[in-house]
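Read through the structures below before going on.
One chain, chain A, links the two complexes that follow: it is found with chain B in the first and with chain C in the second.
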Partner chain A sequence: MTLLQEKPLNIPQGRIDMTHGSGGRASARLIEQVFASVFDNPALAESNDQARLTLPEPGMRLAFSSDSFVIFPLFFPGGDIGSLAVHGTVNDVAMAGAKPLWLSAGFIIEEGFPLSDLDRIARSMAAAAHNCGVSIVTGDTKVVEKGKADGLYINTAGIGAFRAELDLSAKRVQAGDAILLSGPIGDHGIAILAHREKMSFAEPLLSDSAPLNGLVEHMLASGVDIHALRDPTRGGLATTLNEIAKTAEVGMRLEESAIPIRESVRGACELLGLDPLYIANEGRLIAFCPQAQADKLLQAMRAHDKGSEAAIIGSVVPDARHWIEMRTPLGGSRIVDWLNGEPLPRIC
Partner chain B sequence: MKYIEEFRDRALAVKLAESIQTEARAGQGRVYRFMEFCGGHTHAIFRFGIPDLLPPEIKLVHGPGCPVCVLPMARIDAAIQIAQIPDVVLCTYGDMMRVPGGKRLSLMKAKAAGADVRMITSPSEAVTLAQNNPHKQIVFFAIGFETTTPPTAVVLKQARALGLKNFSVFCNHVLTPPALAWLLESGKDQSADVPELDGFIGPSHVSAIIGTKPYEIAATAYGKPVVIAGFEPLDVMQSILMLLRQVNSGQAKVENEYARAVTREGNVKAQVLMREVLTLRDSFEWRGLGWLPHSGLRLNDAFSDMDAEQRFSFNVEDVRENRACQCPAILRGAKEPADCPLFGKACTPDNPIGSCMVSSEGSCAAWYSYGRGRQGN
Partner chain C sequence: MTLLQEKPLNIPQGRIDMTHGSGGRASARLIEQVFASVFDNPALAESNDQARLTLPEPGMRLAFSSDSFVIFPLFFPGGDIGSLAVHGTVNDVAMAGAKPLWLSAGFIIEEGFPLSDLDRIARSMAAAAHNCGVSIVTGDTKVVEKGKADGLYINTAGIGAFRAELDLSAKRVQAGDAILLSGPIGDHGIAILAHREKMSFAEPLLSDSAPLNGLVEHMLASGVDIHALRDPTRGGLATTLNEIAKTAEVGMRLEESAIPIRESVRGACELLGLDPLYIANEGRLIAFCPQAQADKLLQAMRAHDKGSEAAIIGSVVPDARHWIEMRTPLGGSRIVDWLNGEPLPRIC
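On to the complex of A and B.
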């Protein structure tokens, strides 16, 4: 056994087996050689059952979020499940105006999963975390029998810190607010679906999976009184706006022609019979601020590379029904409903 | 895909709306009832808020051209029974998963209870599944009008060429012209619960396959104008204007607004392909319209070994629809979603009671999703 432990994993050809989740030597070897070596940071290096952390400044408040990733396929144009799992949680934390600091990573791996893929995903997570300025400080690995999971699922949880006087919350959204969107919608969901459908386009379609904490920092620095931020992931822009309208007890009015959508995404949606308003995004945010400061915020967003295609897409109005109404490019109007029970395939 | 924007231009829409208004006013108060046959048009009409741009003289009547909507419950129950057979994998388009059959069971619920039902977006995925799972029986639940029929024919030929013994098709393809003929015939009959119409907005994609010729009988034998229209909102508006002009000048002919994709003869190659593999049924049941002669397709004798109806046995009882659900009348154009007491209350897209609330092409779903006839949230 001692010999085994010292032997390096055969990453190019090896596969996960049940011993890798047993908690014994094989588990330790997997964690050391695949995860710890690339996630490398002081908290993790202490090798305790928990990470011990220190706030950057005393008196800061914490933002805490968790998300699970079951996307299929694991590798897709513009990213993979690893980078997505980092960006997804970093973004959820950042939407409080918080600076994301620490992540946990939990892996549920199907027996027989290629070690080379796991290695590639771990490296991608490490690179994404580095990019976002966060550390993966604790984690867990479980292996389930073949057929009991589909390759790999990842759960990440994240903690960020923000100054106590900052108050970004859907509850603060009010009539008279402007609604801003940081860039074109639908890139992530359509990139995944198109990849699965083997559709090809003149301009290659990539997921927008990206960290938004840099953009948020930049927006906060503009001094605009931002009421709320939200990243429209599952359910798309439409569902996210409905959630906020319900929480804030308001209605919204959108201008369809103001909502940025890439030509290729629009075309793919036509072909697949989908509405881009309901397609998931992984690197976009929606911001609410008083109408009078909207232009200032828009300029700030556009000055950052993650917001270069930002636009003002509508406004918040009093409406007891909490409806999102949209003026269509033709001049007619329609409501924009919640996503309705469509069984969309796994895209996040 | 550049052309899409062009057909949604607001200035053009305003101009068209003005022309429609002028033409409709010339009728001096008369009402024009035009049926859009296709669910694709119904969806586009509400998706783009077209009713807001039309004068009150124009009433759009929604037709039966929604494949998910017209499939009778007995066929859904049969699909569920096939899916429940051990080692069967039933492949279906997403919308079909949620349509309630008898006893409100759906494929989605059957799947949750253990049946192997897979959602696919193209029938070739079913063939791949059959290749990769030689010990399973892969059944493709084929539905749709003439547009989705050629792909079914293609996979049948493909499966034959591959020598696949574990692939079959549960064929539910239906044809547009018999349904149109039924509407025209019933519309003449005062006692039938079908409205008398002033003209038809004809299908776009279906017509690309079958051509415009099959609609000529509407004009010649029934004196009703037909305008074949594309699915873009401006196509729909243009076709309404063309219909109005025909009616006002006392004409009845088949016009083709969608000439960029549709010809009189249609796609002859696709027609030949369908005939190679499929053949007419004596009669097929449509929800709301009843049993219509020569309105459905089955696998022909050369392919009967891949016919799921021959390979598997199922036993569907006569099922009653929810009595309050107005889908049958809506599919005939006799009622509107708002006439249904369940609309937006007991019946919503999340909890559909009738098929018209499931598919985005269904009238109830289109009304609900885009806010027509809705009071609260």
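On to the complex of A and C.
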């Protein structure tokens, strides 16, 4: 008989209490029965305080990213905090052109949180990780008193590997580049908002939360000299383009009519007084490549299911002010500023 | 004129509001003025959503670890949440015998949190990282509404590198190994508790929060065949030894009189009815090596300032029950179980 009795947790009815964050027997049980059992992989099974990992090939470079997820509510149309926490970090790693390999998962749980929800979220993370081809190899669980969190927050950090000759970075974006977008914008933010506000639409609105590493791999295989990739999450397409313009010290010119937006998202935005350019996406990417190769890259993107609605939305121009200007369908033009204020808190 | 005005934040009087978590202009300002300015390093300066990194030598393996820090209060005798978040992850990485290289930092901040405290914590993290020889290369900031967190939670994930021939892992611990401890136990947990309870002692109690990577490097240089290293944080020495016994499928025998404990910690524990074996440490490690090399390893540890009070505290024995037994000074013996319950919540 060992001292750590394998007493099963009551997952259907049980709740998290402070002992689950103690680092003692209750913590060990929670980790074994809720997390380790579904995240199962050799690095995790070694039961050390760190995962020990080997790169697929010596000499590869690493891409390393981290995101905390505080989305409310935890379950939403098209996903949940678990799958989102996997996709979000996988995508940030993939935007370096890297193959995402390993994730860490850190849970901050509010006392009283239902074990059944935690179990459902852990299974969703495991399924998402499997789907992305990554392993959750290390992690941590903390519990805070009732009223000191909002159910559950998750941090994921991710490591990917890429060949040293690859150089995808915002600073490589230059005048003459085309700007490509992989699909319609605003789905994630508007789906969350509509769900919170109990709005309903003829066409149901789903988050676009999805892994983009497969699409990126496919785009790299096209042989196009991609300068940079970025996923326009918080702050939306507008803010992401402004960030890149600032880093690359360029301006951009967009064609409003070329930017794909679903009718339901456009309608919801009009109703709510929101601009879809500022709404978060969780399964879209922006790509920059020389104008001359843009059609080739577009074809590659459209041939992949995560890029089937891709479009060329504008171009990079010299501009010391680093402005993003957008030509409207009526022939006018407006400046697309950084997001000001906070239209949709806790969207990711 | 660019659209991102470099308007300085009012750090002495300002407070975090929801816009700082929007991913827009206010987020960019916060990141630039509070975090990027003090974490300054080339990977971070590239302003991508991920850090792109090169291992010191091709063919090295990676150690990857993550921890969330929810300690209360944020500032305590001997440290703060910022330095603790760096030391905690650096130490978990170092316990693989790896050289810690890079950290991510994820901040979950409660609306209304003073910018001056955030600035102080960011500077403390930067100083701790510098002291450990690691760079904070990527990160994320989220803001949640007033009452949905307790000031600030920080997640750090860390990557270290080690030569492929090195194999420090709990499963290598075996009967015949000596158990070494790098210094007195209980300082961190008791310092936090005393501070919370406004207890005072003749000798002031400080957390032992400290980086252990220098000590580990020194121990590895001794040439001793170290089987495993582990830092006894949450759950204390007792729980950490039980975890290793379970993984390695062994038992352990401890000498109570050999375990270093400060008089002030012993006194506080007696007063509070706590057992120092279960109190968290943040700057101590346990090492396992063949008995025959234990004195050599002990000398190496004592020659380093982070191991000057090191001691041999017991040995590993065959035991199918995986029990930790401790011989008391009076000649009796008791079983040292896993931590049950939660004596000290939110200690890290």
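Operating definition for what follows: the second predicted complex is superposed on the first by the 342 of 348 C-alpha atoms of A that agree within 3 Å, B and C clash if a C-alpha of one lies under 4 Å from a C-alpha of the other, contacts with A are read in each partner's own complex, and residues count from 1 in each chain.
To be clear about the criterion, a residue touches a chain if its C-beta (ideal position, glycine included) is under 8 Å from a C-beta of that chain, and two chains touch if they have at least 3 such contacts.
Remember, predicted model here, so these are calculated numbers, not experimental data.
Trainee: Counting only touches as set out at the top, which of chain B and chain C does A:264 meet: first, second, both, neither?
Mentor: It touches chain B, and chain C stays clear.
Trainee: State whether A:108 touches chain B only (first), chain C only (second), both chains, or neither.
Mentor: second
Trainee: Taking the superposition as given, does A:174 touch the first partner, chain B, the second, chain C, both, or neither?
Mentor: neither
Trainee: Looking at A:321 after the superposition, I want to know if it touches chain B, chain C, both of them or none. Which is it: first, second, both, neither?
Mentor: Both partners, chain B and chain C.
Trainee: Taking the superposition on A as described, I'd like to know which of chain B and chain C A:272 touches: first, second, both or neither.
Mentor: first
Trainee: Could you say whether A:337 touches chain B, chain C, both of them, or neither, answering first, second, both or neither?
Mentor: In the superposition, A:337 touches chain B and chain C alike.
Trainee: Touching A:329 in the superposition: chain B (first), chain C (second), both, neither?
Mentor: Only chain B; A:329 stays clear of chain C.
Trainee: Once chain A of both complexes is superposed, is A:41 in touch with chain B (first), chain C (second), both, or neither?
Mentor: neither
Trainee: Chain B or chain C: which reaches more residues on chain A?
Mentor: Looking at chain B versus chain C, the one contacting more residues of chain A is C.
Trainee: Pick out the shared contact residues on chain A: the ones touching chain B in one complex and chain C in the other.
Mentor: On chain A, the overlap between the chain B and chain C contacts is residues 321-323, 335, 337, 340-343, 345.
Trainee: Report the residues of chain B in contact with chain A in the complex, numbered from low to high.
Mentor: Residues of chain B touching chain A: 1-2, 4, 8-10, 13-14, 46-53, 94, 97-98, 108, 119, 121-122, 233-234, 348-350, 360, 365, 368-371, 374, 376-377.
Trainee: Please output the residues of chain C touching chain A within their complex, sorted ascending.
Mentor: Listed in rising order, the residues of chain C that touch chain A are 1-4, 18-19, 21-28, 46-55, 58-59, 61-70, 92-93, 95-96, 98, 102, 104-108, 137-140, 142-145, 147-150, 153, 155, 157, 159-160, 162, 164, 169-171, 230-231, 233-235, 239, 242-243, 246-247, 278, 280, 321-323, 335, 337-343, 345-346.
Trainee: Given the complex with chain B, which residues does chain A contribute to the contact?
Mentor: Within the complex, chain A contacts chain B at residues 197, 257, 263-264, 266-267, 270, 272-273, 275, 321-323, 325, 327-335, 337, 340-345.
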